[in-house]
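In the two assemblies presented below, chain A is common to both, partnered first by chain B and then by chain C.
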Partner chain A sequence: MTQVDILVLGAGPAGMAAATEARARGFSVLVLDENARPGGQVHRAVEQREAKDGQDRDGAKLAAAFRACGADYRPNATLWAVEPEGKVFWSEGGAARSARARRLILCAGATERPVPIPGWTLPGVMTVGAAQIALKTAGLLPEGKAWIAGQGPLLWLYANQVVAKGGRVEGIVDLSPPGGLARAAWHLPNALRAPEYLVKGLAWQQRIRNAGIPIRRATRLVAEGDGRLERIVIDGWSRSAELLLLHDGVVPNTQVTRAIPGCAHDWDAAQRCWKPRLDDWGNTTVEGVMVAGDSGGIGGARVAALAGRLAAIEAARALGKLTADQRNAEAGRIRLEWKRQRAPRRFLDALFPPLPEAAIADSTIVCRCEEVTAGKLRGAVALGCLGANQTKAFTRAGMGPCQGRICGPAVHGVIATARGVDPATVDPFRTRFPTKPLTLGELAALAAE
Partner chain B sequence: MRKAVVIGGGLHGLSTALHLQRTPGWQVTVLERRHVGRHSSGVNAGGVRRLGRDLREIALSVVAAEMWAGIEKIVGDDCGFRATGQVKVAESAADMAKNEARVAAVRALGWNHEEVVDAAEARRLLPAVAPHVVGALVVRDDGSADPMRTVMAFRRTAEQAGVRIVEGVAVTGLRTTGAGTIIVETDQGAHEAERVANCAGAWATRVARMVGEEIPCGVKASMMIVTERLPRFCEPTVGATSRSLSFKQVANGTVVIGGGHQGRNDVAAETSTVLFGSLAHAARIACELFPVMRGARMVRSWAGIEARTADEVPIMGESRALPGLFHSFGFSGHGFQLSPAAGAAVAELMARGATNLPIAAFHQDRFRPAA
Partner chain C sequence: MFRRTEPTDCTIRWEGRDIPARAGESLAVALLAAGVAAFRQTPVTGAERGPLCLMGACFDCLVELDGQQNVQACLAPVRPGMVAAMQRGARHFDLAEDAA
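Right, the complex of A and B next:
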């Protein structure tokens, strides 16, 4: 079996930075990433695109350093299990493989929160994140009558990217509850320690107004159509639609960490999501397992890259290359910048709170794989189910091929609001390896004669 | 009322409690450390199988099969039992010879449920089976049931019959009183009873040790795979003569694959974990026997922890150290089918000190060094 010092999961900003830093310190590094090229979501296809802003330039620099660092980089590789003592399993080229690492740095990034509105399972409805992937990798712009709906920074960013490329949408339906700025104002002074985020955000909104794209605030959105999307109904006002792109912010991707026995997670009330319990260096509660970047708490690309470097420096200490004092000294400046880049987070969290799960209608499907409605989940709660693992047994919500990866946050929120309790006290789905479906043929490949 | 305590809320504990409670004059309490069906009872493969049983187990298994055929009369629910047959495929002439010898041995004891079939019949029973299969060993009215549903049905019926089930209570000690009764000490007070059953599965040897009885018995954690839902292609439960496989497509279309491939077990922590390097063998055997499975996606895997004896048949009988304590554990990965009959046998032993059910071969004395 392959043996390495450090295994890095993910080649987004955190993973690229962690791998580059670890290689610079002389470690053998294996990097597994699901995509064909480095970059992750934010820097997707960054090597192919022409840099148009500072973020793109950051990404291109990270990717170039990563390519040159000498890590054993495996694109198109999907990690699906971690066993004790650093044994990891992944699928690559139709076969399962395994390796043993002395230390894991998991940089699995973020996933989009689901937006269960009536009709969201119709063909023609997709997520803003998915549309952004199409835009970044293939330059695909929305065609026909396209709408964007929901809330969150990515929604505004994507709309900007469309406009910048000469694309067009019918309108933006802003579903966020009013009063965001007033709520967020408390956090403004702190946020101004890194003013570039706010400047960018204001510029995005202005550009959309300048492009003449209508922005409509609403509380209720329905997608309708016979076999595919034909129209959307915005607070009772029907418009024809061929494409609807939904977004409600992103949450840490904790699929792998939650499946590792003993890896503690805490509820983040501000971002309304679970995240692994980490120390300042990215150590989880399991020895040898570290997390860096958005999968440890949403912070964005710059925070992620800095966290990746901090994790690699800490790994160097854990593996005996640095003393604690040396580590602290080497991390000093990175730590300061990491703190500065995180400063606007509370402001952004307050400005973009997720949509309320209580508003999901009983008849709306929450779990797409098994077609379980919010009403069915609430029925299971009425029967005494306390958390997502019990409603699973009653309703099969979260038991389909996605294993709750998509619906998890919504199922958890629906249960918490139906019970009227603090979401922190409601168990999320217990995840199990394999955390990504793999075919039996792939698994069988591990059992060579 | 005479009082009895059953230690362990798995399927065997629940079945024992149900049958004893139905015996006039008895009041049964089940003490379960976690929750009912927590370990292997709730997560096993659900095979209802006489096929291929150890010769010592066949008689009890045949009694159990009759009870399964009328399981709804016993627990008010069909437990998802479907008599769709059990088929053990032969992959070589040597396998066929083994099967012929096996059927001869079973018939010599007077049982006729097992039969050898040729390649054409094997293919009729299993249209998707790989072309190299040359025949099979078959029990046509064996089948499978839903383990968790079975646990819940036994639980519900036991409680309706008057059994008290206490969850979250750990037994810490056992001792006799001057009056000849047994005190079962727990972390939440003591229970006095005339009879106690030790149905604690992987933890049963610890219960025996509380009375100074050392019974050799190990632990296993068999792993299972479940796939995404697939179109119907297989009715019977399938095994293989010379390879470890249990394979069946359940009612909802998902395929459940096991076969005794071992995960990691931690008895002290009460957990078991999947080891994919070992699980890969189950996947490989399944893919080789059903090529259609190569592209099927697995969505979950798990392991359940339970006791395994050296000879892989259970331990059932009265303690030699503490009269009134009755052991029933060590079913070694194939106790699900036996549970209705085993519970009836142990309940009868507890109530009247003897049973006509065929469990004599299972006494723990077989592991005693010859004096």
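Right, the complex of A and C next:
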């Protein structure tokens, strides 16, 4: 079993920044990342692409510093267990590996919130994030009858990236609940502390209009087809479609932290998601386990990179390299910028509240792996099911290979609305190690380690 | 569904036919670029599915790759000449293969 000072999970902005900062302070650092190259989702393939905007330049800088920092970087490595005293297990090249670390900094990023509309399981229906990955890693543009639907900043960003590369979509179906601006106005003064976010957002929408792409507001969207997507129905208006890209914001990826015994999570009413309970430095309620970036609460790439640095500085204090006063002094300017970059978040949360789970039709599949409908979940609630974990026994929801990664927020929301209670009082899926499927062959390799 | 804006440099086999691809990109992206929408049939109802997330979370892009079942196509980099097929239902054991 390898011994290291600090193990970082994830090579997105938070992970790259945390590893670089920790290396600069003389620690041995091991970085595990599921992807082939550093960058995470937001800076996917950033080393291969020409930098097109500030975000690309941020990512390229982070990746270059990370590559040069001397961390033991393991791409294509999937973590599947964290045990007490910093023991970590992962799979790499078809074999399981383990390490013991004095500090863990988990930077698992975010996943897109599910958009369970009728027909969303049909081949040809994907997420906007998925299409963006296809664009960033292989230059794929949507072609033919392609539609984008949902809400949130990523939707507009992706549409802009498509237009900028000479691509086109048939239209954008804006499902955002009406009254967003009125709700969000209260948070506007605070959001203007980092006005670049709002300026960017308005420019994105304008460019789509200038490109002549129709934007249609709607409340109900259905995907239809025999075995694959053939058309979409927008508030009763049928249109042929071969690609439908859905988006409804992102939620913290808490798959690993929820599986760690004693790691407390809280319901965030503004972002409508669960997130690990963290102090200002990223410490969880488990000694030695830290979280940085979107997996601790959605803040975006810049916030994530700053949080990664703060976590590494705090780890330096915990491991005896800095006193608390030295830590505070070194973190000062990073902390100020971290606060400024977080300022627009409440505005964005109010502008794009997640689509209501109560509106999911009974016949719509929520858990894609086990093909469990919203109606079945509501039926379980009628029989006395109180939370997501009990639903597993009632319906098998969340028990397929994705382990609730995709459906988790929707299952939780459907149960809370069916029960008519505060979502904070409804338990989310408890996750278990291994948090990713593992073959016996992979596991057996541990014996030879 | 999608079109490429960058050149391909190799071919891979999908369900017995040749598909152009670029080494290093994910198998899932290569299939999508070739117009393949359905990657697997679910173990529950046999319904066809294609990738949803392309980032390792959804497990809807499972394929059989070079004889190994239940491989996430979005996390498998393209190697020239790789042979892939749909993942049909749950992982299954081939008795003849076990005996060999």
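Just so we're on the same page, the second predicted complex is superposed on the first by the 448 of 449 C-alpha atoms of A that agree within 3 Å, B and C clash if a C-alpha of one lies under 4 Å from a C-alpha of the other, contacts with A are read in each partner's own complex, and residues count from 1 in each chain.
Keep in mind that, in the parts below, a residue touches a chain if its C-beta (ideal position, glycine included) is under 8 Å from a C-beta of that chain, and two chains touch if they have at least 3 such contacts.
For clarity, every value in this text was computed on a predicted model and none was experimentally measured.
S.K.: Does the superposition put A:P401 against chain B (first), chain C (second), both, or neither?
M.R.: both
S.K.: If you stack the two complexes on chain A, which partner ends up touching A:E34: first (chain B), second (chain C), both, or neither?
M.R.: second
S.K.: In the three-chain superposition, say which chain, chain B or chain C, touches more residues of chain A.
M.R.: C
S.K.: Report for A:G236: first if it touches chain B alone, second if chain C alone, otherwise both or neither.
M.R.: After superposing on A, A:G236 lies clear of both chain B and chain C.
S.K.: Considering only touches as defined above, state whether A:G384 meets chain B (first), chain C (second), both or neither.
M.R.: Neither chain B nor chain C is touched by A:G384.
S.K.: If you stack the two complexes on chain A, which partner ends up touching A:T137: first (chain B), second (chain C), both, or neither?
M.R.: second
S.K.: Now for A:R228: first (chain B), second (chain C), both, or neither, which partner does it touch?
M.R.: In the superposition, A:R228 contacts chain C only.
S.K.: Answer with first, second, both or neither: which of chain B and chain C does A:G320 touch in the superposed model?
M.R.: In the superposition, A:G320 touches no partner, neither chain B nor chain C.
S.K.: One more residue to check, A:P434. First (chain B), second (chain C), both or neither?
M.R.: In the superposed model, A:P434 contacts chain B only, not chain C.
S.K.: Check chain A for residues that touch chain B in one structure and chain C in the other, and list them.
M.R.: Shared contact residues on chain A (touching chain B in one complex, chain C in the other): 400-401, 437.
S.K.: Taking the touch rule as given, give the residues of chain C at its contact with chain A in the complex, in rising order.
M.R.: 1-6, 22, 24-26, 29-30, 32-33, 37-39, 42, 44-45, 47-60, 62, 70, 74-75, 77
S.K.: Can you list the chain A residues touching chain C in their complex?
M.R.: For this pair, the touching residues of chain A are 34-36, 41, 76, 78, 111-112, 121, 123-127, 129-131, 133-134, 137-144, 146, 165-166, 227-229, 242-243, 253, 368-371, 400-402, 405-406, 437.
S.K.: How about chain B: which of its residues touch chain A in the complex?
M.R.: 148, 225, 227-228, 257, 264, 271, 273-277, 279-281, 283-284, 286-288, 293-302
S.K.: With touch defined as at the start, can you tell me which chain A residues reach chain B in the complex?
M.R.: 81, 83-84, 89, 96, 98, 261, 393, 399-401, 403, 432-434, 437-441, 443-447
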